[in-house]
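The structures considered in this document are given below.
In what comes next, subunit A is part of two complexes: it sits with subunit B in the first one and with subunit C in the second one.
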Partner chain A sequence: MTATTDVADVADVAVGAAGRAALLVLADGRFPAGGHAHSGGAEAAVKAGRVTDVPSLEAFCRGRLHTAGLAAAALAAAAAAGADPLELDEAADARTPSLALRAAARRLGRQMMRAARATWPSPALDTLASARPRGAHQPVVLGLAARAAGLGPLDAAYAAAYEAVSGPATAVVRLLSLDPFHATAVLARLAPELDVVAVAGAEAGRRASDEGLDVLPAPSAPLLDITAEQHAAWPVRLFAT
Partner chain B sequence: MHLDHPTTYPHRHTYGAASPLRPDGTRRALRIGLGGPVGSGKTATVAALCRALREEVSIAVVTNDIYTREDAEFLLRQAVLPPERITAVETGACPHTAIRDDISANLEAVEDLEDGTGPLDLVLVESGGDNLTATFSKGLVDAQIFVIDVAGGDDIPRKGGPGVTTADLLVVNKTDLAPYVGADLAGMARDAKAQRGDLPVAFTSLAAEDGVAPVRDWVRERLAAWTATATAP
Partner chain C sequence: MDGHGHGAVTVTDAAPAPGAGLRAAARIVAAPDGRGGTALPVLEGAGPFALRRPRSYGHEARVALVGAMSAPLGGDRLALAADVGAGAALCFTTTAATIALPGRTGAPATYDTRLTVGDGGSLRWLPEPLISARGSDLRQTTHVELAATACLVLREEQVLGRAGESTGRLTTRLTVRRAGRPLLDQELSYGPGAPGGWDGGAVLGGHRAVGQLLVVHPAFEGGQVSPRALGPTAALTPLAGPAVVVSALAPDALALRKVLDSALSQLNAVIRAF
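Let's turn to the complex of A and B:
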């Protein structure tokens, strides 16, 4: 495989036993795995005056997609491709400098595990749940859930990348009383970039399962890390992150 | 003990309310949800229930605040239970989601309380103040109490809604305020009867001595029934 990637290039790892419908179930914003209580940094950005309207929401989501979103997509894809979940969990720790965000990722991972074991029971999920009873990083569990659902690495990468932007967009509708049509239009405009990030994440995940986890990308958004720490200390907040 | 298979009983892993047993095979605590509009007295009812029952049964509380930990901190200040028995769940501006549509955080809180404090008899799950449509998922609780108050308008039982019509117990609180707000208690009782049929209604004034007694007695009955069912072969 060459360095350039597109959907066709990763088709070999993208194919799982399940079709598109299972991905819709997993990526549904109403999938009951705790996401509704998180803003993905949007609440802190709104309070700081950095997200005030539709264009600034779009800029925020774009930044998150290419940083936290790509990292999550690659981790989820690697888990779906069969990489060791415990090693992936450590790789996720290393890519999450904020203590508050590590704690949130594990909490969300535990909630994802609870929902996934009920919806797609699998020995792999049971094993990870036993090894990490307090929760593994959410993208790792998401990837394993995708695998249990019969989905492939590209599907897992899509679910993780989409979640990275859909969470903040939904939260900002509540925080700013933004027109929900406009917020959804932001997601629609980001769709081509979501495709690119999902494919890049899937490719990284495939390489990681072959060549080792060090090839996983480690993009960072320092402001998201810093404001997550500040947000965690707020006495009054609407969202957990 | 390996009595089941995860495919057959996935609720053992979710800690859902479908199974009366914990994953280790022991009986889990009875879970009662308390919902209702903001300011109707849910937290005060929880506090009064804890004081009334804590000597006879082992209790823990999960609060679902709209913002952060206000209700949990009220209960802590009131010292109705030791701190390790009170947990706050954050709800992302949607309190009804956390008790109905996505109960994962609440299930986690219940599981951690039972794991952390040893065998419990009763877990009270208090919803964040919401509107008249708020109900608890059957996957989260075994029974639910809906708390309204006379000052919120004596037409609420007539208006109905899922909370008023389907809750296992409807509590009409602050009856001591009825004369001051012009609330017609007899009318509220008639309307509630029309909406709820044989489901019980308790009129309370928590300001009075032992004011929580009707709710406490109802909880005692549920506990007795729960213990009898959960220990039956």
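Let's turn to the complex of A and C:
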């Protein structure tokens, strides 16, 4: 591979001014934004017997990637591309029928906002924080954080899409005492579809910032919505969602 | 479920000749009749759409869509529109399930519904289920524009395959706006060729009937209704607006309807007490 190709690759992945390193910081599971407390519906799926082993975990994650993952990727990409964050927040509400999931998305958004403002201070983050003191939807904050970090819509879409599957895969290791190597292999097998979802989310996000938010996808996952309300009512649970 | 040839509305992507896909449209306009009731100044249907007007009770006009042609139909691009004017009330039903069937060309069929409800208007949109027959491919959209004080009851049900058969492909999107702002936007995709994981534990989990019931009414302003589970695979939840949605999965259409009907009577009780 020539040096010219390398530069082109970097430009392709990171549309903003920054390179890949800022994306690693943002997408790191140890980034202090509170994501580790959420199983993305996996805890309820394990309890209901829908996730019992590696193949059912993979089917769960694949379904989540193409629904909640794509929706989050597109919202994050649109925010990174410069769409109005408050309108995106409203679009996120319309795409999140479950009250429990709207509340969780806003709690996570508030935590992401705290981490992002400390990490990549920016007037856009400050403005959204004062307009939504109780938290905006997490993917919108994630997209603005990516923009503040000098990253582009595709980077934001990757971070959102990856988070949609890495959370449940990690949680199921704890919930089922699954071999962590097997859980990571699930993520590796999903990587080609993750690429597809990130690119689709980025494309929709870029179009939305030009053509309006109606072009954003609205993929739904009925079981995630239904079980989120049940899970929120459990007296004792390991994860917040 | 065998609706085929027995008055069912059948959606097929079969084109009668290469490059000549059939189109069919129906339109309903409901407006106050000046005597406390609702008139239907426009009631037009062509092709597979035959609109009947059952006896109405009180303020609300009623329209029933009857499958007028026997299958296979050439209607590969169907469009249905209803406009409920300010202060008018309309109830829409269908006399049988809609069945998406495979066509000869392999091209997807489309079915687009556009609904508007003006201030003080009320629409109850209660069609029978859509059944995705094996080998079918349908793209369905439903767009609803509600004025700020409009009321809506909307039920959507999908069944994955007729009895004993595997499902066809369906992508269905429901977009509801109220006072020009987004209220609910949901797209469900399943069947061969749909994005992966649709039958896994996050999306449908092996269930063969899926549906939702949306009720928009001022009685639901300010979160008067708390979210709750309605059995193991259904839940009721308030939206970010004066609206409640019930999402449900079930083994079949009958069980699904039972859950949605029970939820609707609970919600009607809240509305009556308002």
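Note that in this section the second predicted complex is superposed on the first by the 227 of 241 C-alpha atoms of A that agree within 3 Å, B and C clash if a C-alpha of one lies under 4 Å from a C-alpha of the other, contacts with A are read in each partner's own complex, and residues count from 1 in each chain.
By definition in this document, a residue touches a chain if its C-beta (ideal position, glycine included) is under 8 Å from a C-beta of that chain, and two chains touch if they have at least 3 such contacts.
Nothing here was measured: the structure is a model prediction, and the numbers come from that model.
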{"item": "First, second, both or neither for A:Ala171, with subunit B first and subunit C second", "value": "first"}
{"item": "Which superposed partner A:Asp84 touches (first subunit B, second subunit C, both, neither)", "value": "neither"}
{"item": "Touching partner for A:Asp195 - first (subunit B), second (subunit C), both, neither", "value": "neither"}
{"item": "Which superposed partner A:Val236 touches (first subunit B, second subunit C, both, neither)", "value": "first"}
{"item": "Touch count on subunit A, higher of subunit B and subunit C", "value": "C"}
{"item": "Touched partner set for A:Pro97, first subunit B, second subunit C, both or neither", "value": "second"}
{"item": "Which superposed partner A:Cys61 touches (first subunit B, second subunit C, both, neither)", "value": "second"}
{"item": "Where subunit A meets both subunit C and subunit B, residue numbers", "value": "none"}
{"item": "Residues on subunit B engaged by subunit A in the complex (per definition of touch)", "value": "6-7, 10-11, 13-16, 66-68, 90-94, 97-98, 101-105, 107-108"}
{"item": "Subunit C residues touching subunit A - in the complex, by the definition given at the top", "value": "173, 175-176, 181-189, 195-205, 210, 212, 227-229, 232-240, 245, 247-249"}
{"item": "Subunit A residues touching subunit B - in the complex, by the definition given at the top", "value": "30, 32-39, 107, 110-111, 114-115, 117-118, 121, 126, 129, 171, 174-175, 234-240"}
{"item": "Partner subunit C, residues of subunit A touching it in the complex", "value": "41, 45, 48, 50-51, 56, 59-68, 70, 90-91, 93-95, 97-100, 102, 193, 213-214, 217-230, 232-233"}
